[in-house]
Amino acid sequence: MTAASLEVREVSVGYGPVRALNRVSVDVPEGAVVAVLGGNGAGKTTLLRAVSRTLRFHGGTISSGTITFAGQRLDGLTPDRVVAAGVVQVPEGRQVFARMTVADNLRAGALGARGAHRGRRAAAEARERVHELFPVLAKRAHQRAGLLSGGEQQMLAMGRALMARPRLLLLDEPSLGLAPQMADRIAETVREINARGTSVLLVEQNAAIALRLASSAVVLEVGEVALSGPAGELAASDEVRRRYLGVADDTAPADDAPAPPRPVLSRWPG
Amino acid sequence: MTTFLELLLSGLSIGSVYALIALGFVVVFRATEVVNFAHASLLLAGGYLTAVLADDIGFLPALLAGAAGAAAVGALVEFAVIRRYRGRDHSVLAIVTIGVDIVLLTELTRQIGTRVYPMGDPWGGEVLAFGGISVPQTRVAAFVTASLVIGAFLLAFRLTSWGVATRAAAEHPETAALMGVRLGRVSTSAWAVAGALAAVAALFLAVFPTPGLERGTATAALKAFPAAILGGLDSTTGALVGGLVVGVTQSLATGYQSELTFLGRGIGDLAPYLVMLLVLLVRPAGLFGTRELSRV
Amino acid sequence: MTAPEPRRAAPGVPPLRVSDLTVRFAGLTALDGVSFTVEPGSVHAVIGPNGAGKSTTFNVLSGVYQATSGSVRLGDEELTGLPPHRIAALGVARTFQNLALSARTTVFDSLMLGRHRLTRTGFLSAGLHLPGAAREAARHRERVREIAAFTGLEAHLDQPAGSLPYGLQKLVELGRALCTEPRLLLLDEPVAGMTAPERRRTAEVVAAVREGLGISVVLVEHDMGVVMRLADAVTVLDFGRRIADGPPEAVQRDPAVVRAYLGQEAAA
Amino acid sequence: GCSGKAGGGASGGTDDKGVRTDKGVTGEVIRIGALTDMTGVYASLGKSVTQAQQLYVDRINEDGGICGRRLELVVRDHGYDAGKAIPAYNDLQSQVVGFAQFLGSPFVSAVKERIETRHKLLVLPQAWSADLLGSPYVRTIGATYDVETVNAVDFLLEEGMIAEGDTIGHVYFEGDYGENALEGSRYAAQKAGLRLVEQKIKPTDEDMSAQVAAFRKAGVKAVVVSAGPRQAASLVGVAAAGGLDVPVIGNNSAFAPQLLDTQAGPVLQKNYYVAASTLPIGAEEPVPAKLAKEYAAAYPDDVLDNGVAAGWSAATAFGAALKAACDDKDLTREGVVKALRSLNTYEAGFGITHDFSDPALPSTRESFVLKPDAKATGGLTVHREAAVSQNAEEFPFGE
Amino acid sequence: MSEPTAPGTTAPGTTAPGAPAPPERPAAARRALYGWAAGGALLLALPFYLDRFWLQAGLLAMAAAIGAIGLNLLTGATGQLSLGHSFFLAVGAYGYCVLAGEGDGELTGLGLPSWLAVVLAVLLAGAAGGLFSPISGRLRGAYLGIATLALVFVGQHLLFNAHDLTGGYNGRPVPPLSLFGLTFDDTETVVAAVPFQAMEKLWYAGVLLLACCALFARGVLRGRPGRAMNAIRDHRIAAGVMGVPVARYRAGVFVLSSMYAGLAGVLLALAFQQTVPEYFGIALALEYLAMIVIGGLGSVAGAVAGAVFVTLLPQVLTRYSESLPLVSAPGTGGVAPGEASRYLYGAAIVAVVLFLPGGLVRLAARRAPREKAEGRRP
């Protein structure tokens, strides 16, 4: 089959009047890890939605541009067909099925599995792997997902996506709300599944982790590609260091960027 | 004593019919979180088709055709209306189904007019009698069918991916889509299944001891509401238990009417609702319903 | 390392004493005899691995969960057993780890909701448009604008909260909590999902709250940078137990904490 | 601008032949109202009644109308919904001389007071509840449910199906029909020293198993049904199947020919009787026969049920009143009302002689006893000719 | 004054009847004022032109509007589904009859002055709602909906069985309302050469009551209670943590909406002049839900619009059935007007929800989006 590479070409997206993406192009070669950086509202999530075809759930539409995966046009497909093509997204903000048990959430994840990965045995194996990565999910198999802690839910969301053994994994801020250790665990996981041949498009606030994982990276600003290139180069650029890596070395934030004048609020007389 | 047993049995038997109807509510609710007020018209549609076809193509084929027809109607409703709704508010969708029900019911009653259709069923007016107690064969059939069908659904929801897919789609469509669930197909199938169930229920509503199917038959759906609720709207077991409880309550309240005159006569179809209220006071999500969880 | 400012507790801000707090759910102990004290006017961080029991602590403090045993005293008020609105009435406000805003409600109305406990207008006076109600509304609208300006939301007051980017929605929650004029403010991961500049900005806001209002703040956060910058004291939980407690620097060096929580490179 | 409503605007006056008229009557047409239910719970009754009345009106018009005027039946469908029925009445009453049909006694009693004090026009309700008696304007055609039921019970006694000391059951609808019938059965039972077991049901109850069980427990020797056809069918069926082999007799409204095609048919023909104050539509007397023929011709795909007979009787009575009113040159509403009162031996060809002179009494106390018969048109044949039982004769109204 | 109001269901009275436009917008204010003045004048003039049929229909619509506003407070603003509204209508209607009616042999009646009876009847409905608070305070969504359905059955049972209070299946005559010596019955009072009967007089009472109820509801929705209600609807826990006593508020709103229903019931009874037990059934409860959805969830104007639409549609259709295409007179086969109106009514519910989310009020809102934008400026 053709190389499982994702090509996003000149894509523009709008939510009604709101322009969220403007002629954005991103490439994810087979087996690569590509990071997308950008501030709040930059359009990162929108980009992933455009690929996974879930824009319509938010009243968004692709106004121009093409998206192809493994030589197949994705734009125009329904979300489930995209999944069938091997592209799976971990949505922003966990979105676990709160009323279903952890186990059922994982079963739901397995629904999207393709070809050889279908069937009970494959699913069982996949579950094994997920349980290795996140033991807590095994411990809580029969707890309702909605009752998990924030981080546990994040792990579940990640594990659920892995159940389908995707060829391309879209991650939207996987380390959100995770303890440092767990964030590292996620990073390892990404490396590992990437090593097993899954390419990854990674949206991550924690630019330090992102750039460590990624082979190449793209910086979005208000819906446009501001910078792009090999992760190493970007990590070195002052621009990126100041704007995004500030997170990592918080020891000296105030020196380079003068802190904004501290706001004041007086007590309320009552 | 025999009277009590007899009332109990007749209650259980009619209750199993309610259980079938309630199951219809449950299936749709699990897949779309919608309380389906249009179930009554699906019921009538299925029964009508079965009845008109019965004497041409024979009972069983007619029943199958009726089920298929009702399923088609259900699927159509889902495709033409439910799926088109963009909002998130489920009580709005519930109200939409009221609109659908009104349209369908009006059309069906127009078709049925003043006729009363025999269902052409094999059981006729036969009864099983033992120990001075007699139960219509139709009701025995109903009981068996209900138990089998509901058992089947329990397994389906537990074991098949359909079960997971429906619940996922109901709870979070977008994420379900990201898991490769075909939203359209899932909810359409649920509505179709509900339609088929309605057809079966309609059969048992319109056979002995009731004379046949007519425009008023669908009103029985109202009696299945308390059944579905006190069992728990999202629980298959609940549908069965709820149905039986409602049936028995109703039957006893009617049978011992003369002893209950202080409640006013004709308490029969009020009683199930009172029982439901009592249950809800103790268990706000019904006997088997999943309690709504609060975690922040 | 910016040293924490000397704190000036406002009058009437009592200490929060959590003692032997235990919370069990079916077959699972989320909190196991946890104790700590929040000094008046201080920023007290609660950190720990995922599932350690941080949010559960908050849920007990705010009355969302019932404690299985143990006590939580704000000054000399016992909080355990009180319903959420009663606790809110005592001046305890919180933000939520997962956003808990009405997507369609404007930022302004979301903030006004915070004033609920401070206002009296009931069905009658609101319905009859009594002048009292109007006056009250006017007064509080002023304060809400101050707080909006303080948190940097004034530009968005008219937008539905749901249409804002994640970071801003977090700020709306913070603003809403401030609008209750709390004596004790509980922040559950206030900077999660924010970019570095936004984190810095939010941190400034929290610091300013402590300074300007002199209220106590309990902070749950995984971003050690922010914790180190803001916290006067840190309590570390793991599997529902307290494994460390004390000033930030000490805690950060605590090997148990490093093992259980920080992981190697973060500590290095 | 000046209101169109100014000055009331009551039509009326005297035509060249000196016939006084007012609302609802012009030089050419006499407009008769029919408030019916074509889409609600009583649609089947409403349809038959209305079509029969339409048939009557057409026939009269073929024969040149009444008083040189065409009849026009103004029909309104209220779908048995008070929200529509009452406004519909208010709308219609201003256009018609009277109502040959007003289906739904709740609505009749809702406007009764205004009929009597303001509109003063003749209303023939399609209901036989004694509650409607006593008004000179609202007149029922035929025996009220209570006497009908008395006749029914006494019939069972006369036939020796039950005897003093026995227990009988009574299944009755909530509402005027059932509860008025209940008064009859109570009276008759008390007179004949019978024990009465009451079972009140709602029109939505269609499975009579529980009721039958209760009856068997009480050891009833016979059952009276003051409910709908379906309930009657279910009851008879369950009773027979459950070995409770007792006669069941129902009121006029408790039978529909459609039932005979269902599996309840055979049992109905065996154990079921119907008390009614008109000949069945299938009777071979000239009038019913002719009506049956014409109705079948006019509405080929509609069933001939007792609604047809009832509608026809009401229409003819109304027509008779109009003719009489024409004779004494008073086609005003009051005139028509008076005219009907003047008819004290009115015979519409349906086997019953009506006496409309006393508004406090039903127009007859007689009842036929009919028996289901699949072969007969309309599914009913006469089992016993019209008669008044001793108790029915003495039955006190309005107490 | 106008506070920020979000689009969607949390936009109470942005187009509410009689909405005094905020002072910040003199131009808009004047326009709005003229608009309402014109509308009001029209309403007041109508009795001089409409015949009894339309007046009664109009009255029913007004009564329905009041009831619908109440239901919208509950279902639209607080997210509590209720199928039991017709029960509280019945409580109001019968309560009034019992309180104001003169007792006789079989019917109990306290013979209170009718205005007092109205007030007490409304309070009675509220009390009935309060009795239900153990349920209404704890249940939500579908469960509450069906639970309230039980009330309808209870109501029907009482109406038919508590003879001495309700008159059983016959219902009760409704004593006419009399205020300041003016009696709202059919005794003619000629005004400007127009004979004023019950309907004409009641019309004005109806208009007045509706206006008051609308303004009251608007005040509630835009004020502190409204915000709390929306919060409960959107995020129960957060609402509690922000200091809103959730259960008490739910119960409170339930009581309030019951009182609205009670008043609507009184007005209905006065319009019918005789209570009809069958009327207060499930169909009616569902109709009210249809009203608020068709009109627009959560907004006062929506409730009114929906009520008018749902109430008048069947009347219009039956009245003008002759002149309508493909609607045939009853008995002649084809689609009877009754059926036609049911088709339309059903289809309308579906169509509005699918193609006009937000209900009829959105139409008005679309017309002046820019004004609304300004209106949001606090």
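Per-chain residue numbering starts at 1, and chain names A, B, C, D and E are given in the order in which the chains are listed.
To be clear about the criterion, contacts are C-beta pairs under 8 Å (C-beta built on N, C-alpha and C of every residue); 3 or more make two chains touch, one makes a residue touch a chain.
All figures in this text were calculated on a predicted structure; none of them were measured in a lab.
Colleague: In the touch network of chains, how many steps separate subunit A from subunit C on the shortest route?
Modeller: Contact-graph shortest path, subunit A to subunit C, evaluates to 1.
Colleague: So, comparing C-alpha centroids, which chain is the farthest one from subunit B?
Modeller: Farthest chain from subunit B, going by C-alpha centroids: C.
Colleague: What whole-Å value do you get for the distance between subunit B and subunit D if each is reduced to the mean of its CA atoms?
Modeller: 37
Colleague: Give, as an integer number of Å, the spacing between the C-alpha centres of subunit E and subunit A.
Modeller: Spacing between the chain centres: roughly 50 Å.
Colleague: Could you give the separation in Å between the centres of subunit A and subunit B, each centre being the mean of its C-alpha atoms?
Modeller: Here subunit A and subunit B have centroids separated by 43 Å.
Colleague: Which positions in subunit A are in touch with at least two other chains?
Modeller: 147
Colleague: Residues of subunit D touching 2+ other chains?
Modeller: Correct list: 39, 47, 174.
Colleague: Provide the list of subunit E residues touching at least two other chains, using ranges where the numbers run on.
Modeller: Where subunit E meets two or more other chains at a single residue, that happens at 160, 237-238, 339, 342.
Colleague: Provide the full list of chain pairs in touch.
Modeller: The set of touching chain pairs is A-B, A-C, B-C, B-D, B-E, C-E, D-E.
Colleague: State the interface residues of subunit D toward subunit E in the complex, per the touch definition above.
Modeller: Checking each residue of subunit D against subunit E gives 2-8, 36, 38-40, 47, 50-51, 54, 75-84, 86-88, 90-91, 94, 105-107, 109-114, 117-118, 131, 174-176, 179.
Colleague: Tell me, which parts of subunit E touch subunit C in their complex?
Modeller: Per the stated touch rule, the residues are 1, 3-10, 215-217, 219-220, 222-228, 230-231, 233-235, 237-246, 252, 256, 373, 376-378.
Colleague: Hey, which residues of subunit C end up touching subunit E in the complex?
Modeller: Listed in rising order, the residues are 62-64, 83-85, 87-89, 93-94, 96, 100-106, 108-109, 112-117, 119, 121-123, 126-129, 133-134, 137-138, 141, 145, 157-158, 160, 176, 180.
Colleague: Please give the residue numbers of subunit B that touch subunit D in the complex, ascending.
Modeller: 3, 6-7, 10-11, 13-14, 106, 109, 113-118, 124-127, 129, 134, 136, 208-212, 214-217, 219-220, 222, 250-252, 254-258, 265-266, 268-269
Colleague: Considering the complex alone, what residue numbers of subunit B touch subunit E?
Modeller: Listed in rising order, the residues of subunit B that touch subunit E are 29, 35, 37, 81, 84-87, 89-96, 98-103, 106-107, 110, 222, 225-226, 228-229, 233, 264-267, 269-270, 273-274, 276-277, 280-281, 284-286, 289, 292, 294, 296.
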